[in-house]
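Structures incoming, each one as structure tokens.
One chain, subunit A, appears in both complexes that follow, with subunit B as partner in the first and subunit C in the second.
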Partner chain A sequence: MISLRNVVKTYNDFQLNISMEIPNGRITGLVGKNGAGKSTTIKLILGLVRPDSGEARVFGTESCKLTVKEKEQIGVCLAETGFSNQLNISDIECILAKMYPEFEKTYFQRKCEELKLPKDKIIKDFSTGMKAKLRVLVAMTHKGKLLIMDEPTAGLDIEARNEILDMLRNYLEEDEERTILISSHISSDLENLCDDIYLIHDGKIILHEDTDVILDQYGILKVNEAQYATLDQTYILKSQKEHYGYACFTNEKKYYQEKYPDIVIEKGGIDELILMMTGGYR
Partner chain B sequence: MAGLFEKDIRLLLRRKQMLVLFLALAVVLGFTQEGTFILGYLPFLGMTLTISTISYDEIDNGYTFLMTLPIDTKTYVKEKYLLCLSGTFISWIFAVVLYFVSKYFRESSTVIANEIPMIISFLPVMVLAMAIMIPTQLKFGAEKSRIVLFIIFGITAILSFLFEKVIGTERINHMLIKLENINDAVIGVSVVLFVILAAAISYVISCKVMQNKEL
Partner chain C sequence: MNIILNHSSMIPIYEQLTDQIKSKIIQSLLKEGEALPSVRTLARELRISALTVKKAYDRLEEEGFVTTVHGKGTYVTASDKQLAVEARRKAVEDAFTQAIDKAKAVGLSKEEILEIVNIIMEDES
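Presenting the complex of A and B:
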């Protein structure tokens, strides 16, 4: 569905250099700190920016050459951008009906009611949560095969985030061939939703793993100086000096649980993964 | 393209009050101002209003989102030219009607046929202005394009002044007399061809500007 091969994009003081493969029917998460390159990656996939070298393809077509028919199969939700703030939902409904042959008017209207999105109020007067819900809804109402969502839940309260995640889950249930690429730095959203995770840092993919594997097998060993000196380093991905000794990130939690029953081992979620792998763990 | 038209027309209708105000002003000016002022004023207003939809697309990284919709840059540019041409033409028709109605009330007898070349001459001027304004706005954005347009029209004025100084008024008058002797049909066709060429060049430049835009 999506393929990035050795894609390089250079800005003044930043270089993105990545490869990714996202097959059909997957929900893939793209995580990383602010400025890691998530949005640039998404723009490359959508053909909004051209790579300096390498190849970005969607549906087998070069991203910059996506046809109108192929774009009709993609739903996009970008952070902080969408239809003009001067329009209201009735306007957007009419525009989408003209843009997408497969636009589901009834579904759109029903969802607007469920999400309490007022039809005649201009978007400028919407709350942050309402704007975010609308952006997601706009991406989902034309039976697209691919959803690309850049920080769809950023800045939202827990209730609004759950509503959006439910919408995404339902969307996938309707058609198993659908694929979602979602970027976020809110780990709990991704842990409950994604099949696999790409971790991006300083413009490079530093880890790609199935979410289940991360949750089951990754962990943080908290060891003192003496324990660290004798610790088997085979499955330690990264270590960081702490006030109590060392925090060691592993992808073989069970191995260490069996071999060192005295060591404190914490669960390795996506937050820990980001923090340990990008050097910000405390 | 239908979706883009729908978007732009709805955006224009959001400014209903301003549109009504402009039209009311046009009616007042049409009946109070002598001469052809209304024939230039109203189409220019129509043109700038339709071009202003580009500003809406530009705000809040709007281009980035628009280009994820099932359209390409060429369709986007084509729609802007068609919208602008339609807006200019419709407001020109309205201006012509106002012009004749006001003239009828003032002069009671008017030979419409004598006025047609003068009335039509406003259209190529508008198309030429559009050919400069659309690519400028696409390239520089709403704010900077005002400065760029000011510079372009300023340079044009300076060049015209220098042309008159270098060539001399007498020679220019001589050239104008020669032009008057040329067949009207030849002038008409030349103007039409020139305007079409300018609009085509402008369209190609606008497409290049949009294609090279990194969103």
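Presenting the complex of A and C:
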């Protein structure tokens, strides 16, 4: 569905250099700290930014040469809807109906009701949660094969986030070919949703792993100086000095559980992954 | 399907899922020929990733509990009682092996291990 091969994009003080491959029917998460290159990656995939070198392809077509027909198969949710603040839901419905032949009016109206989006309020007066739900809904209503979501749950409370995640799950269930690429800061969203995770740092992919492998096999060993001195380093990805000794990040939790039953081992989640691998763990 | 997953457990999610479906098949709560929910459906219901569900289904297929018909779905295979009994027996054996390894590690003899087993069995009856 999406393929990035050695894509390089240089800005004044920042260089992105990545490769990634997202097959059909997959839901892939893109994580990383602010400024790591997540949004630039998404722009490259959408053809909004041209790569200096390398190749970005969607549906097998180069991103910046996507046809209108192909673009109709993509649903996008970026930081802004792109609609004027002065429009209301009915106006947006008209615009979407004109833009996308596949637009489903009844589905849109039903969802607006379910999500409690007011019909005649202008967007300017929407709450943050309403705006976010609208952004996601707009990306979904023309039944594209590919959804690209840049921080769809940013700034939302837990209930609104779950509603959005459930919308995405339902969307995937309706058609097995559908694929989603989602970036988020909120790791619990991704842990329960994504099949695999790309971790991007300073413009590079530093880790790509199945989500359940991260949850099941990654972990943090907490050891004192003496234990650290004799610790088998084979599966330690990274260690950090702590006041009690060292925190060591491993991708083979079980190996250490069996070999050193006395060591404290915590489950590793995506938050720990980001912090340990990008060097800010506390 | 009624599945309860424990996200704070150290047991991997796909393993919890495999075990629970397996025990449903062994107890005939899921019957021969019955279809399991699609991967996406179960992923949505349980709020876990589809790949995790797929791993559990693959494992069940390897062990002969289900078959996947490509493009159609995953079905419970002939609920082979022999197979079910063997699976349960295997689980018990594994648990014993672990316990015996531990016992050996602290230097218990065969007799001492058997004595422990006897004491536990007597306590229970």
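Definition applied: the second predicted complex is superposed on the first by the 280 of 282 C-alpha atoms of A that agree within 3 Å, B and C clash if a C-alpha of one lies under 4 Å from a C-alpha of the other, contacts with A are read in each partner's own complex, and residues count from 1 in each chain.
One rule holds in what follows: a residue touches a chain if its C-beta (ideal position, glycine included) is under 8 Å from a C-beta of that chain, and two chains touch if they have at least 3 such contacts.
Since we're looking at a predicted model, the values are computed, not measured.
Q: Mind checking the superposed model to see whether subunit B and subunit C fit together on subunit A or clash?
A: fit
Q: By the touch definition at the top of the document, which applies to A:76: first (subunit B), second (subunit C), both, or neither?
A: The first partner, subunit B, only.
Q: First (subunit B), second (subunit C), both or neither: which does A:94 touch?
A: It touches subunit B, and subunit C stays clear.
Q: Rounding in steps of 10 degrees, give the angle subunit B-subunit A-subunit C taken between C-alpha centres.
A: So the C-alpha centres give an angle of 150 degrees.
Q: With the two structures laid over each other on chain A, which partner does A:133 touch: subunit B (first), subunit C (second), both, or neither?
A: A:133 sits against neither subunit B nor subunit C.
Q: On the A-aligned overlay, A:27 touches which partner chain: subunit B = first, subunit C = second, or both, or neither?
A: A:27 contacts subunit C only, not subunit B.
Q: If you tally the residues of subunit A touched by each partner, is the higher count for subunit B or for subunit C?
A: The partner making contact with more of subunit A's residues is B.
Q: After the superposition on A, what does A:38 contact: first (subunit B), second (subunit C), both or neither?
A: In the superposed model, A:38 contacts neither subunit B nor subunit C.
Q: Scan A:49 for contacts with subunit B and subunit C and give back first, second, both or neither.
A: It touches subunit B, and subunit C stays clear.
Q: Please indicate which partner A:111 is in contact with in the superposed arrangement: first for subunit B, second for subunit C, both, or neither.
A: A:111: touches no partner chain.
Q: Please work out how little space separates the C-alpha atoms of subunit B and subunit C at their nearest point after superposition, in whole Å.
A: 27
Q: Looking at the complex, which residues from subunit B come into contact with subunit A?
A: Residue list for subunit B touching subunit A: 2-3, 5-7, 10-11, 14, 56-57, 59-62, 64-65, 67-72, 75, 214-215.
Q: Please give the residue numbers of subunit A that touch subunit C in the complex, ascending.
A: Per the touch definition, subunit A meets subunit C at residues 27, 165-166, 169-170, 172-173, 176, 192-196, 210-212, 215-216, 267.
Q: Please name which positions on subunit A make contact with subunit B in the complex.
A: 43, 46-50, 68-69, 71-72, 74, 76, 78, 80-87, 91, 94-96, 98-100, 122
Q: Mind pulling up the subunit C residues that touch subunit A in the complex?
A: Subunit C reaches subunit A through residues 8, 10, 12-14, 38, 40-41, 43-44, 47-52, 55.
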